[in-house]
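Each of the two complexes below includes chain A, the first together with chain B, the second together with chain C.
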Partner chain A sequence: MKLRPLSTAVVLCLLAIPAMAGDPARDALLADYAAQAKRDDAAFAGFSADRGKLVYVTRHAEAKPDIQACAACHGDDPTKPGQSAKTGKTIEPMAVSANPKRFTSMEDVEKWFGRNCREVLGHDCSALEKGDYITFLASR
Partner chain B sequence: MRFLISLTAACLLAVPAIAGSLDHVPPVSDAVVKKECGACHLAYPAKLLSAETWIKITGDLPHHFGEDATLSAEKVQTIQAYYSQNAGRSQAGLLRISEQSWWLREHRSVGQSKFTAAKSKANCQACHTGADRGQFED
Partner chain C sequence: MRVTIWDLPTRLFHWLLVGAVGVCAVTGLLLPIPWLTWHFIAGFLLGALLLFRLVWAVFGPEHSRWTGFTPSPAAVILHLKGVLRGHPPRTLGHNPAGGLMILGLLLVLSALVVTGLCALGGMFKQGPLAFALSFDGASAIKEVHELLAYLLLGMAGLHVTGVLVESWLQRESLILTMITGNKDLHKGDMAPKPRHRQAFAAAGLVLALGLGGAFALSKLPPRGWHPLEVPVAYTDECGSCHMAYHPSLLPAEAWAAITGNLLNHFGEDAVIPNKVKAAAIAEWLAANASENWDTLAANRLRYPDASASRPITGNNWWKRRHRHIDDTIFHQKNIRTRSNCAACHGDAADGLFAPQAIKIPKAPL
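Let's look at the complex of A and B:
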């Protein structure tokens, strides 16, 4: 009887592990961006899903009309598939909950940030923007 | 009888070759090409353009029909090698598959509403649901 709160706590912790533990590749990727962000700004204190959401939804009037925000192609709801504004091709969901493969390859992640940050945001994304963006989508 | 069987066999063998010219085109078989070119649009079958045209297209990916499709030099090399080794023939100077006269002929009776729904002529799969397997019959 005395043990019950303890065993309940253990069971709860075990249940929580799959939900909390990210993919090891994604964790390593975020750690890389965190190290870069720290080098860029010594005051860096971790990534923020809220800031990442802003990166995702903010409209950039100076970009081409059909690609003025990440959400323009990836959709307002990142748990749903998006659609390329240019070719009409379906894009798999950005949210990790709906598409667990997201942000697990540094090569792919850098390729897409490289192309899309310049075209949509008009500049190369900083490590802070990249980490915030991934943190937002990993929380969705 | 043997002659008849041979003739039938010859005819059967000939059918895919004739029909194959437009209804079936070998789909891309290289994993890198499939992944990288297929990320934004169908990984177009190599036979649909000439080696010369493929080299032009893959040689300027940062300006890829108005989009930035930058890839590492290593990937570009793989893609260029695959397309030039498996290329077909096409009209010189026309970079888009959808500008080729055979493409225009094949699509002349397709209404505007279908193109609008597909969003882009690059979106083969909107109508040709087997396009990724090389099936382009109507």
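Let's look at the complex of A and C:
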């Protein structure tokens, strides 16, 4: 069967709506980071879930032993709850599909990036890293 | 002719008492703290048994009555002299020396129940006396409770020795009599008078009043502990990384040291960027710090070695209390760290830390 390009595109767009149709607050937050990223680098051409996944899983050997990657506490599968390496406290899932409240408050998001980027990555995250990270977890 | 000396209720009382004292002794003196649950249960049973015995001393059959444990000093001396000569005068019920021991045992047991209830009330904020006692008062009474416990063990030993000696001298097993309740009536023995017709009604009434009263008193608000409404900001901010520690665990000064240095919060960056929230949390912690509570944790963690922002788990009392718990347990995946009180203490969030609420979770596979 030969697929007609136009209807295929329409169907794909419709399928994509639930994934893309984020919370308005999250969209605004991402738009904010996008504007910052554009200011940082004029060549900025949108966030990438693939780059975000890299931020999530990359190990940083120079960080403290138990917290060398986001995934160390948040878990290899972000749709599952994580656990703080230091206190054992359960952390609600990072993936938006499992926890729709994620990335809807700038205050919270900035607080956690502020603390954890320095602790784990060893530097303050750029708007690009933040946007990629959120895009990755919003796609999961 | 065989007659019943000890009726069934008296015998049941005796052996239930033996069991309850045994449980109390083992759980109080030998086993780890979580076993205190059984200590409390056996202690309450002891209290109920003693209430019953009080009634039976008035309404019970002849040899269960007060007169049996209140011999004249002369009778006691006469009996002991008889024992020394190997021919004590025969008695159907308690002999005078044994009766005196029963009186002593009942008094010491009653004192143990009362001091135990005081300790339970003041130290753990539980039971009928929780409304009345301070932690310090109850701690002092607990020392008396312990001394009485050793005294009771000594007296119980003497009691058993007396029973064995008397059984041998009289050529009749007193232990067996306490099981079957019966003795052979010898020439000159009088058949014992039976219990009062209203004896069971009286026992039921006294037990209902006593236990009902204790239950009603235990519903009064405890002294030095109250339910606390925890602000959302606290559970959101502090409780997102670790258990939301009850503010009674540290003095105001120690809380100020912690909230004043969130950039280095036990090695972590825990800064709360929202200044209004941060201030509200600091204020709430200071206002509800351990100075406002009279619980075990508030008292034991209040002392100088808990000053400044040193971790609670570094406190000497804390370390002593947890010294039998192996490192591997603390590092279990479902506990992770010593600071995770709530992993084992079901009531940690309320600041109570009752022995009954301790349950060390099994290691996940």
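Here is the rule we go by: the second predicted complex is superposed on the first by the 120 of 140 C-alpha atoms of A that agree within 3 Å, B and C clash if a C-alpha of one lies under 4 Å from a C-alpha of the other, contacts with A are read in each partner's own complex, and residues count from 1 in each chain.
What we mean here is this: a contact is a pair of C-beta atoms (placed from the backbone, for glycine too) under 8 Å apart; a residue touches a chain by one contact, two chains touch by 3 or more.
Just so it is clear, the structure is predicted and the values come from calculations on it, not from any experiment.
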item: Partners on chain A (chain B, chain C) - clash or fit; value: clash
item: First, second, both or neither for A:65, with chain B first and chain C second; value: neither
item: First (chain B), second (chain C), both or neither touched by A:24; value: neither
item: Which of chain B and chain C A:119 touches, first, second, both or neither; value: both
item: Touched partner set for A:111, first chain B, second chain C, both or neither; value: both
item: Chain B versus chain C as contact partner of A:86, first or second or both or neither; value: both
item: Overlapping contact positions on chain A, where the chain C interface meets the chain B interface; value: 83-84, 86-89, 107, 111, 114-115, 118-119
item: Footprint of chain B on chain A - complex, ascending; value: 83-84, 86-89, 107, 111, 114-115, 118-119
item: Footprint of chain C on chain A - complex, ascending; value: 83-89, 91, 107, 110-111, 114-115, 118-119
item: For the chain C and chain A complex, residues of the former touching the latter; value: 240-243, 268-274, 333-337, 339-340, 343
item: Complex contact set, residues of chain B against chain A; value: 40-42, 66-72, 118-120, 122-123, 125-126
